[in-house]
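Two complexes, one shared chain (chain A), two partners (chain B, chain C).
Then we have the complex of A and B:
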């Protein structure tokens, strides 16, 4: 699904996800965070406002992203996830690894 | 023009009749006041009365009094024709309601001039009455239409859809209809949306745009749409709807549940003020865009501004009416006075602020709608917002005496079905409409897609999860998935979904693949710590979300039960 990346504030990058965040987005999502300039990003915001569906491969994608950016010391923050998605995050203990608003 | 001649002398009546017909007047005669009154009563096209004073039966004074009393709704000048020219008589003529005098003996030129002068007054009066009647008619029509529209507005616009402690507001329309619009709604993720806007003008014409705006606002905030997207949608609608000279200045704000993240789209509005705990203005957010309803879709800029306020920051937004209020000297309230008031603690909050603005106006009338809203940036509370609470409005079906209807669906998916990208979504939409299942749609998607992926990838396509443990392997895994699925000739997945009614209804889902199966005991043993791996969450997720998960049939069948509570 369409993923869009915007630089929202100084050293902050927002990735806006589409309706469904699942294995079909693997490459697109990876490109979205790998192409960002390392020197100029301290914080990622992943915006789930449009996302209704997610599967476990989505969790895998987020883990990969976290590993990739851990080296560059950028924080990752998940915003606007609906209650159902929040439930999945908490079941998967993602709240320990990610900042979920 | 019809004249009533009242005189007890036949000679006088004859003489005046001759004069009148010579000059093209129509006339009728009466020989005393009493006869004059009944003629006046029956012939309602009499325009002017020439009245003698002294007559038998009823004199001119008495007749004049009666005629004037009877003709409240028509204007008929009464001209006294009298030989007496003492002040007392003349005064009495006027006192009883007479309009003018003509001396006796009658001079033709004077009489005709007077009649013509009064005719002009009569004509003027008539056209005024016609205009008045028309105005009264239109006023009645308008009042009726207003009351209909008011009814529509009251029912059509939910102005504030949330009792959220973080949002305070004051709205003061100058007429029954408000050109200012303040809307607020909870967001599905627990935050809050606010829209404050001002249509050009005020009253009904300005208020009319509020209906589509509020519809779009509530529909889109319910889907957690971004403020820029909501603005864009409203813009498109208003461009089509409003005449060129009308537009909508507006600010759209979304605050997250944590109260530490604002996204704002603002067009044509005053600067939003950010105030710290002490009330000092720490920042301003200027409107970066044109008002809504001006630009076409291709020119419209939907980019929002993001802001991360420190805790307890107050975001204050207001419409023009606040700072453009004038005192009797013509001076405007202005932004400086506003800033000064905001910096001091307000006893009654925004109401005090509004009172201060009203006091500044002194005796003057409010000449614009006045609205203001304040959002307090701290974790959002007391919003009646969560998805759960909304679904709680739905009658729980299991309390029905008959209970939920038992149902079962079987779906067999062949390779060409499995190659379709939206198969899981189609499965979900099949069952989401079944009674009891709708509120669980999102979780059902996760469950079904997990079971589907598991059966397809490991059962039919024989892919190994281990491969996913590195980032490149992760991508390669999904690459291989695509390739193997493309080449898949045989095999199928069979889904069975059924509802088992009970005190708590259960949904049982099972999927069977036609692959070789696997050693269930072996897989279930390797329960090591996968926290840092991008894989191995699927089955855990199924276990956590459902009541029971079980492999059978040599690993080919996976069955789970889910509580439809």
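Then we have the complex of A and C:
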């Protein structure tokens, strides 16, 4: 499993991504956030500490996740992204939609 | 003292007077001249007194000296006249040459000034155009500046990146739907398996019914036909089931192909966008540097242009020396006239005088009158000079 989901704190779920975050992860990533209990999660943390590469489908996946959880009022936070990934988030104006730390 | 010595003294005195006259072209020298002539007149009786014992012979000598003096006077007159005329002509030439050159220099400097101003205006126009400081409201088309261009390119790049993100989002959404469809198809396969199971059981039932019908003998013959038909139906059902499975498998395969196509659409390497963005930022920075450089250059040019104007103005002011030279040339002409007057006076006196003492006394008197006239004229000219200098025509 390239993607692992853990309950890191009360009403907080951390999704730890693998080495690459691209189209091959679509199914796995979708399951990672759709299977979480709606009532027991107010905050998602997506951890990019292991991720070296992502393509534009990663952005599509994140937007789909944001749309899915918007109606359940959960916030999404992106952490530990490297310089290159931060540049991608900045160019695609993701810093306006997500909380990037 | 004897006659020849007296003649020599008289001739020397006359010469002295003439030489002084020639050189005394300036009013300031006239009093000195007057003093010299007075001295000569005062000296004359003394010379005469000391020579009283030889007065008779001196009368003849006196007459001869007068004659020599007249001859000499004519020679001097003939010598001085052309010099004065040439002096006047030369000073006129100087005046003309200076006037012409000054006019040319003035035109040239004025041209330099206006060209420098035009050059400055042009540079400021270019700089404003480049930096966008000045929008020409009179033209319908807005002038495109480098900054506008860079901003527009940046905006277009942003739009494209946004387009990538939108395409990816929709693609991922499509993949989600495709996966939903695949799971529906998987559900259909399990249903098809259920139908196959039912058909197999029906087939088995029909077989049992056929066996039971055979055991019943003649009475079961009709039932055997029904059992056979049911068995055929179950076999047809299985065949149909296989068809449905094949179609469903083909559909699943197609959907998988669609998914891979969508994956290609969704998966764009974002590093291209990053590189483009980086290059754009670099270009914008470079353009800003160029603008700054141009602005600095124009500021320097404006400064230099101001310096040129200042220096040209200094040169034009300096060109007013032409007026001073012109006035000086006029003065030289006047002075040449005065020299001529004095020489003519001396000439006239020597031609009319009956004796050397009379000649000297008359000449002194005339020179005195002339000095007074010139002094009066000079004081008038001086007051006039002030207004003249105030009225020097400035180019």
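Note that in this section the second predicted complex is superposed on the first by the 100 of 101 C-alpha atoms of A that agree within 3 Å, B and C clash if a C-alpha of one lies under 4 Å from a C-alpha of the other, contacts with A are read in each partner's own complex, and residues count from 1 in each chain.
Please note the rule applied: a contact is a pair of C-beta atoms (placed from the backbone, for glycine too) under 8 Å apart; a residue touches a chain by one contact, two chains touch by 3 or more.
Small disclaimer: the values here were computed from a predicted structure and weren't measured.
J.: Taking chain A as the common reference for superposition, should the pair chain B and chain C be classed as clashing or as fitting?
T.: Aligned on chain A, chain B and chain C clash with each other.
J.: Classify the contacts of A:79 with the two partner chains as first (chain B alone), second (chain C alone), both, or neither.
T.: After superposing on A, A:79 lies in contact with chain B but is clear of chain C.
J.: Taking the superposition as given, does A:54 touch the first partner, chain B, the second, chain C, both, or neither?
T.: both
J.: Who wins on chain A residues touched, chain B or chain C?
T.: It is B that touches the greater number of chain A residues.
J.: Should A:5 be classified as contacting the first partner (chain B), the second (chain C), both, or neither?
T.: neither
J.: Which one of 58-66, 202-210, 256-264 or 472-480 is the stretch of chain B that crashes into chain C?
T.: It is 472-480.
J.: Which positions of chain A sit in both the chain B and the chain C interface?
T.: 22-23, 26-27, 30, 54-57, 59-61, 63-64, 84, 87-88, 91-93
J.: For chain B, which residues are in contact with chain A within the complex?
T.: Residue list for chain B touching chain A: 187-191, 223-226, 256-258, 260-261, 303, 306, 308, 386-388, 421, 425, 442-443, 445-446, 449-450, 453, 468, 471, 474-475, 478, 481, 531-535, 537-538, 540-541, 544-545.
J.: Hey, which residues of chain A end up touching chain B in the complex?
T.: 6, 8-9, 12, 14, 16, 20, 22-24, 26-27, 30, 47-50, 52-57, 59-61, 63-64, 67-68, 79-88, 91-93, 97, 101
J.: Given the complex with chain C, which residues does chain A contribute to the contact?
T.: It is residues 22-23, 26-27, 30, 54-61, 63-64, 84, 87-88, 91-93 of chain A that touch chain C.
J.: Using the touch definition up top, name the residues of chain C that touch chain A in the complex.
T.: Going through chain C, the ones touching chain A are 158, 161-162, 164-165, 167-173, 175-176, 179, 263, 266-271, 273-274, 277.
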